[in-house]
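Letters A, B, C, D, E, F, G and H name the chains as they come in the text, with residue numbers starting at 1 for each one.
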């Protein structure tokens, strides 16, 4: 089993954080996993992306030319990267910031992450909603592992936010379930 | 035809000068020639040596492990280098400073260069006496070529010394002729 | 009249011009440029004295400032 | 009595000790050492004051200088 | 099975260094390896060690030289341009037979290039250490865990052979995160004891009761330098007997052998699996020690496969060692990218398929 | 036939440089090549050029970079340790595609080593230019005349391929004297005319009427750097078509082929002759261009001889290129010394005789 | 008498032509941008645009070759003064300046700048002192203040462990080869104007072949200082300027007057 | 009362045990030898012989590791202060000094010495300024006087072509990390004694962990100056000292008194 996900967004949308969460969760699930961020020469701005590869065996390539799944936070990311999604792959997109998805040969799950995030209590946890939706749709890791991962990845002083983050993850998962029908 | 000569002495005895003279003379004779000085790490003192290889063809190796001929200015040089003289080779030694020559399988021509030099007018042209003897014994280059070479190698301001140097060269050649009998 | 233009594509909303404008006449606009910043705009163009301080402080060379005089008017004034 | 020894193997006949000896009591000897130099010698050992200047100036640490007193003599003097 | 920690390759390397007894670090920042000095700045102090940001890589390698002369476990890390600047210093370390560890997290070159991953410092790492004969030993991890493990181990190897040891990584390995079993740290500033007692060549401490010692690479006597160089190469020969490490992965009866190290070996593992799905029998031979190089296993495979494909991020450097090992026994091809560009498994598989036809 | 002048190798090289249009020299003294900067200090001023003693080799190569950026014919010279210090700068020159000439009069290494002759910077000269892909071109003269001629010619080649060109000599070649036909000097400070007109990339002069120009090795876009590297290697490939130079000497139907460059090739010529006297049929193949390397003729001979013996002053560097060319077609041996020691014809002959049995 | 309203337009400020017009990649409010503009203005106002060569060093300003509308050379880390020497000695008719950060000039490039100054090399250096290695993510620079936290001084710079702040102008002022030397900053319009005056004087020194000239600009790095641009300016004034006092350290024209 | 004549021997001068006893390869009259002796005497008199490490740089004094009877390290050209830093930071209980020529320290090694001083590195540098690269056969050094002929300034050093003489003490004096800094010479017994005093003070600074210490010794190179040792001393006094005035530039104990 080799699961690849490519995540992309713009600086500040928290793509690297959910990438790391997913990675840590996979590790907590006893799986092998690698996380590879694309770092940019510029200090600020531009797109942030990361690739997470999960496997029950040694990971092999932490890079993927045509990943099987993608999590895309905005239109720029969709425009830049969706073409590389594997034929028949899965794209979980943030419909709050994505309006057009041009490929027909793939499964697209649109999540209005921002709306849900605001509903839960903070615009800033849109990334968590997206991650919840993604792990549900891709059957990547368990929610339990994500909860453990949250405790490890989030700095101690933010642990009071754990419940809200869990709510967002669960809400995202629920949205994904609904989207698939 | 490949003629090798290895010259050695102590700093100040003018070995490098006569090496260069021989080289220039060979060049003047239209021959191919190379001159290779051993330079020392220390600024001062120690032995000075050079190897001159003359050939009517391309010179090939400017280095020789066991040169066919040697010109040795003092006992230290004899002790250090004579063992490397080719079997049956020719050694022209400065008998003013060399008292023992231990090899029997070679031709040794002993020249009392200092005595002759003082006789001609200056202790400092002992090297010229030796060179004259050497070219005579080894049939290396013509005296005419050496004269031309002297004019080129000696700085202009020393040209007034040319006659004395020529005298020394000729005297050396004569001594070599006599030594061979 | 002072004609002040801001190259909105370049503005990074650093606030240096805003902070130094003696007339407090600059502010972030509601618009967002390609880089994701709210570029600066004038509060009231007529208030601008053309002192040039905003241009002096702007690290991104966003400002062009010109003094525009209607020639006819001036001539009348002179006479 | 001053006992001054020159390590002849080390001396390079640079002349610095000779030039600085206040008693002008040093000179090149006739001998030649391995390195080909005429090592320094004292002109008259009795003239040496043991001032140590030669040792101070020698770049090759050639000098050992000692003041030798016959103990017995000294005691007699003291009494 | 100890716990796993998700950690960046660079940090894992730094962690491994401290676990391996490294107590002195001198370095100068350069992307993409900055987490190494930053980690050292944060943590060396906790184990009584020294972190010092040198004014340049030139100074850094010479500080390393000084610390190594005292027998300390010392390290520096950098990337291509910085390693270039260390070439003279490395040559001195080789000549003076001083152990130390150098991490090179390769980036795109030549010149300022870019900060993409690269394997184009292979020549410098395996034939380098500047002028003159002799280089250090070089090892190439291919995962965060291995970066940690090999950096830890490198100190011991460096001391065993009295030579610099290079850990050769790349921008991806340095920046990626994987779960890693981290070794514990000894909190002592000299976990291995008094260096001048451990080594009969180390300077420092009190000289009472022992002869003075000299660290030196100058041998004005030509024969003495030749002898010194033979000692160096005897050590390399010894390392070639004991320290050759490689790994194999894939089909037992392959049509083609892939040869790749570091990040490219990771890619090739996946390629090997994917190829099997389409009926192409591949095997990966992954050199872990680059110098000494696993010549023997390559030679063996060369007689058994139709072709060897070297996969690397350079215009062709590893491939030279492969060709030197193979000596014409079978064709050796190169699949590569350069300039900070990386290879994806898809790209490699496609090219390998082409070559297999 | 013009007149011959007895001259030192180093001086002949410097002379040749000026004859080749070199008008800028930046260098830092190091034995055994000091006669090059000293000659330049004396004579460049006579042709309106600039001699500047840099504060270090690092500064020197960067001064060369600056002068080269203006399209000037510029040179530096050094020996092993100094060339090591130039590796980063050379990598920048390669990356920015700047022509220049570097003379390396090799001495014994590693480290401070000694000032005996050596050929142990071969790797650095042929695989070097520091980090990243790409190196310059390298030529190895073997006589005073050739030192003069190749240094002169190097400037043109450097410009043709927009790359640094290394002239690789050694302590013997640099210090020995031979009669040499010296080329005349043009007295103009810019014998070839305005550089910004000659080259569409050179900066400087007046920018009126032309676009601004940029000299650069930074390509933050990974693909752009890859493209740049392909341009470099296209140039090397072009050079491999046009600039491969080698020489052969000796028996037409040899039993053994000797391969040697520089001073060792001189020794081998004599060995070849002496061997003939004792009935041993030798032929010498002498690479003059080391990069590009004369692969084809070596391959051809490899199929025709029993064995190839590489003769060099290193622990085995040239021999790698020979083996890469030969690809197992015949055994390749190494006769060598290291650490500033040199080989005499007697020694080589003896070892070759042993190998031929 | 005309009554048409042809507008007469007087430019109060426009981008100098010596800038390329490309937008700059600096972080918001980073004073690198102001410094670029000042250099460009100085070169333009002195009429040197056609013959000035810019040297971009390695640091956040590495892309300066894109920003200046001049012949440009990107050079290796710290060696700009050596490269400038190579250029100037070959092309003395050109005006050559290097633009260098404090990591570039005061750390790795110390030797090159001192020797260029010592040789009275006719070049101009614009030196950006922001107390930190910006480009590589905020490590300590030789100019980092004591107590200041950076990614390689996580507990704050400590004199014993990390050494003392390096004052470049004070150091260079001892060299007779220096014709013009000043330290300026850009935290207010007044300071910006003073900085520009110094930059102009530095270029004038080069035009007059008076020797080496350098202007240090005490600058902000809002990103690694963790401050807004306005806060950064304030912090600079309060913390940086006491360690790096402003002023003209050397002016070759003073002797002439 | 005894009448035996047991001689009582008081040593006025003997070779210090901190020298190895090997004879030195310097040219006749070269003051490198005096400098070695003074350093050895200072180390011995301060009782530091058992814990002092000598760093031999590249220059005529490259063999210093043979001459000092101490643990020694031969280091690369110009980088001795960096090596010393590495040693001292690892072994703070040891006393570390480097012995460097003016080519080594003032040319190629400029950056390392300034940064070591800037860091207040607890090391001692003995700096031999003889105005020339001795070992490589008499090329120009940064300290070569204007007008002085060397093998790379065959027409005499020219300010414009070759730059200006570099005054190291004046430069380093600006750095707060420097505890002791002096320029001495060895051309007379009086000067030699003063030099030794300074060298001792420099080591004392290190013992007290007061920071960086350096003693510059204006030295002769009879060989490349083309003078006898006595002439060289005279020329030094007349020509070198005006450019390199003697004196104590910094003394950390002054503040204490």
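Definition applied: a contact is a pair of C-beta atoms (placed from the backbone, for glycine too) under 8 Å apart; a residue touches a chain by one contact, two chains touch by 3 or more.
Everything quoted here is computed from the prediction, not taken from an experiment.
Over half of the residue-numbered contact pairs at E-G are shared with one candidate from F-H, F-G or E-H, namely F-H. Ranking all chains by how far their C-alpha centres lie from the centre of chain F, first place goes to C. Centre-to-centre separation between chain C and chain D, using Cα means, comes to 88 Å.
Chain D and chain F have centres, each the mean of its CA atoms, that are 56 Å apart.
Per-chain Cα centroids separate chain E from chain H by 40 Å. Averaging Cα coordinates per chain places chain C and chain H 62 Å apart.
In chain G, the residues touching two or more other chains are 27-28, 62, 74, 76, 107-108, 110-111, 115, 135, 137, 142, 162. Within chain C, contacts with two or more other chains are made by no residue at all. Within chain B, residues 41 each touch two or more of the remaining chains.
Of all residues in chain E, those touching chain F in their complex are 58, 79-81, 83-85, 87-88, 91-96, 106, 108-116, 118, 120-121, 123-124, 127-134, 217-230, 232-233, 314-315, 317, 320, 323-324, 326-329, 337-341.
Across the complex, chain E is touched by residues 20, 49-51, 53, 62-63, 65-66, 69-76, 79, 82-91, 93-94, 111-112, 115 of chain H.
Within the complex formed with chain B, the residues of chain F that make contact are 4, 6, 31-32, 114-115, 143-144, 171-172, 175-179, 263, 266-267, 269-271, 273, 342-347.
Across the complex, chain H meets chain D through its residues 1-15, 19, 23-24, 26-34, 37, 188-189, 192-193, 222, 228-230, 233. Touching chain E in their complex are the following residues of chain G: 58, 62, 74, 76-78, 103, 107-108, 110, 133, 135-137, 139-140, 142, 151-155, 161-162.
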